[in-house]
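Chains: A, B, C, D, E and F, in written order; residue numbering restarts at 1 for each.
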Amino acid sequence: MDDHVMIAHSLQHEFFGPAQQLHGATLAIHASFEREGLDEHGVVMDIGEASRLLGQVLEPLRFKNLDEHPDFAEKFSTTEVIVHYVALQLAELLPEGHGLKALTIEAEENPTARASVRLPLTP
Amino acid sequence: MDDHVMIAHSLQHEFFGPAQQLHGATLAIHASFEREGLDEHGVVMDIGEASRLLGQVLEPLRFKNLDEHPDFAEKFSTTEVIVHYVALQLAELLPEGHGLKALTIEAEENPTARASVRLPLTP
Amino acid sequence: MDDHVMIAHSLQHEFFGPAQQLHGATLAIHASFEREGLDEHGVVMDIGEASRLLGQVLEPLRFKNLDEHPDFAEKFSTTEVIVHYVALQLAELLPEGHGLKALTIEAEENPTARASVRLPLTP
Amino acid sequence: MDDHVMIAHSLQHEFFGPAQQLHGATLAIHASFEREGLDEHGVVMDIGEASRLLGQVLEPLRFKNLDEHPDFAEKFSTTEVIVHYVALQLAELLPEGHGLKALTIEAEENPTARASVRLPLTP
Amino acid sequence: MDDHVMIAHSLQHEFFGPAQQLHGATLAIHASFEREGLDEHGVVMDIGEASRLLGQVLEPLRFKNLDEHPDFAEKFSTTEVIVHYVALQLAELLPEGHGLKALTIEAEENPTARASVRLPLTP
Amino acid sequence: MDDHVMIAHSLQHEFFGPAQQLHGATLAIHASFEREGLDEHGVVMDIGEASRLLGQVLEPLRFKNLDEHPDFAEKFSTTEVIVHYVALQLAELLPEGHGLKALTIEAEENPTARASVRLPLTP
C-alpha cells in the first residue's frame, strides 16, 4: 500500500553538507506486511484497514516542517529515521490478534535514494 | 535527461489548503529536446552539454527554501510555475545555433502529480 | 492525476481471439490537463477538484462487469473506447470558465499495452 | 521474469465490500529465483526455460473467469491466493536437480496493491 | 507495445568521448500509434499485428554489433538514428489501408536517456 | 543508490543461443546497504560516499567490451556474474568500521530480466 508525505526539514550537522539548509522532500511511502500463511479471507491483511492505519500515522506529517515536530526534536529527520518512526507508530496501531509476522516501511526521497526498515512483529 | 531538486516552500493562499504551511517537495525533473531532423552527429543535442546546462539552472534551487528565493518572491512556487521557470532559464543558456525546435520540462512532485511545459524555440 | 478501475468484460468478435471470453482488467488511468498559461493561483487546474471529478466519472465503473453496463451496450469495451468515454464524461463535468485547452486520458491495461486520447476543449 | 494475466472474478464475502461484484484484474506477475552460488553457465537458471515454465502455469488463467476455474472453486481468488497457487504450480514443474533454493512470485493487481510469496525449495 | 534489443556498437567521432569505444546498450523500445477516431473493432490497431510487425523490424538487430550491420554502415548508430530507422522500417510494413495518422518510436538506452521520433503517416 | 554501465560482451557457449554473438547491454545498477540500527547521524551510510565507491567500482566497466576485460577472462560475463563481481569489489572498498551487515547489488539488463546478490558483511 502506497502513500506519500511532503515535508520540510533541515539536517543540522556538517555531515549533511548542503542538506543543512532548510529544504524539503516528497517521501513516497510503501508499506508491506508479512504473514505466515493467509487469514480466513485468503489475505495477509485487510488492505482498506492497512491503508487507513498508514494514513493515520502519516497525517501529522503531511505538509509539515519536521524541524518543528516534537517527535523529531532531538533527532536528525533522515529518511532512515522517518521510516523507523513510521514503522513503530504503525505497529502500535495494529489490532490485537493481527496475525502478522513483520511489516516493512520503505520511503523513496528522490529518484535515486530510498530507505527501508523491516520490523518483526509478535503475531 | 533527468535531475531533481529538494526544496521547501509554502503556498500562501487559502486555495492551497494545508499546503499553505511550510512544507517541501522533491521535484524529479525531466528535460527533453525536439529538433527537426538530427545534427551532424546523429543526435538531437549533446547530452552531456544538456545535462550540464540543466544542472546550472537547478543548482540555485537545490536544498533551498523557495519562500526566500528572489525569483519566486511575488509568485506562488507551484510545480507549474517552477517548470516554466526552469524552461525559460534553460532556453536562455542554450548556445547560439542550437538548432532546436522546442524544449519540454516536466516535474513530478509526488507519485500522483506532475506538471510540464513545452517551450517552442527559434532554432 | 492517477486513479484506477478493475473491471470485467468480454470482447465479442473473433477479431479479439481469447479476449472473447469473459475476463478482466485493471485500468490504471492517468488524466492530464493543458492550459495556455496558468491561472491566478499559478496552476493549470485545482488538482483536488480534478481528482474529485475523475473519481466521479470512474465511480460507476469500479468493480463492474462492463458487459452489463448500459453505456457500453452496443460497443466493444476496448481500452481505446474506455479512454474516449472517460474523456468525454470528464469534459462534461468541467465547470464553466475552466480555461483549459485540452485534456488527455491514458489507460494502461497491462504492462505492455496502453491507450490514450487527447480531447481539445473550448476554454 | 515478467508475465501477466487478465482475469475476471468475484470475492464472495462481505469482507470484500464492492469486490463481491463480478469484476476483473490485470495481474502483473514477477517471478524470481534464488540459488546458493551460480550454475556452470554463471546463471541462477536458464531464463528461457524459466519463462516457458511460468507461461505454462499462467496459460490456463489467461482471459479466464476464476469463478469458474476448478482450482479456485472453494477459495477466495485473492491476489495472495493466486501467487501461492502460481508458486506451487511452478515449483512442481521445475526439473530434477534444478539447484534452486527458493522462488518468489509477486503480483501487482493495481498500481497500489501487490502481494508476493517466497517458496523455499529443496535443491 | 514494448520490445527491446541488446546491441553492441561504437560511435566513431571524438564528439562521443568514451562512447567511441566498443560498448553496448539495451534499447527498450516503445511503439505507439495514432488514429483519427477508432476502427470498426474500437481499436487504433490490431495489437497482435503491431507487435508482430515491430518484432519483424527488430529481429535483425537482436544480439547484433551494429558496427557490422549494413544499414548503419555510414551513420552513427545513436539512439536517435536507431529510432528513426525503426520508425521508417515499421511504416513500410504497415498494411494498405491501415488508417493510421502517425507512429512514434521511443527508445530508452539507459535510465536517464531516451530518444523518440513521431512519423506522420498517410492513412 | 543507482548508477549504470553500458557494456559489450558475448557469451561463448551454446547454452546462450543468440547471445553467443557480440552484443551489448545497459546494466542499471542498484546498490543497497543494510545495518543493524543506524549510525550517529541517523543514516545507514553516507550516501555520497556510497555513491563515490560504487562509481569507483563501475568506472573500469563503463563503455567497455567485457570480452577484453581481464577480470572476466575465464568467466561468462552474465548479469549474475557481474553483480557478484560488483558486490565483492564494493565490499573491499568499504572503510574499516563501516558498521554494515550486508550489501545488495541488483542489475536490470533489460525490462524483463534482473539479477541480484546479497553479500553479508562483517561490521
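The rule is simple: contacts are C-beta pairs under 8 Å (C-beta built on N, C-alpha and C of every residue); 3 or more make two chains touch, one makes a residue touch a chain.
What you see is a predicted model; the values in this text were computed from it and never measured.
K.L.:
From the centre of chain E, which other chain's Cα mean sits the farthest off?
P.N.:
A
K.L.:
Can you check how far apart chain D and chain F are, centre to centre, with Cα atoms defining each centre and the answer in Å?
P.N.:
So the centroids are 28 Å from each other.
K.L.:
Counting in whole Å, what is the centre-to-centre distance of chain A and chain C, each centre being its mean C-alpha position?
P.N.:
Measuring from centre to centre gives 32 Å for this pair.
K.L.:
Which residues belonging to chain D are in contact with no fewer than two other chains?
P.N.:
Within chain D, residues 2, 111-112 contact more than one other chain.
K.L.:
Under the stated touch criterion, can you name all the chain pairs that qualify?
P.N.:
Once each pair is checked, the touching ones are A-B, A-D, A-F, B-C, B-E, C-D, C-E, D-F, E-F.
K.L.:
In their complex, what parts of chain B are in touch with chain A?
P.N.:
2, 4, 6-9, 18-19, 21-26, 28, 62-65, 109-112
K.L.:
Under the stated contact criterion, what part of chain D meets chain F in this complex?
P.N.:
1-2, 32, 38, 41-44, 46-48
K.L.:
Per the contact definition, I'd like the list of chain D residues that touch chain A in the complex.
P.N.:
13, 15-17, 75-78, 80-81, 84, 111-115
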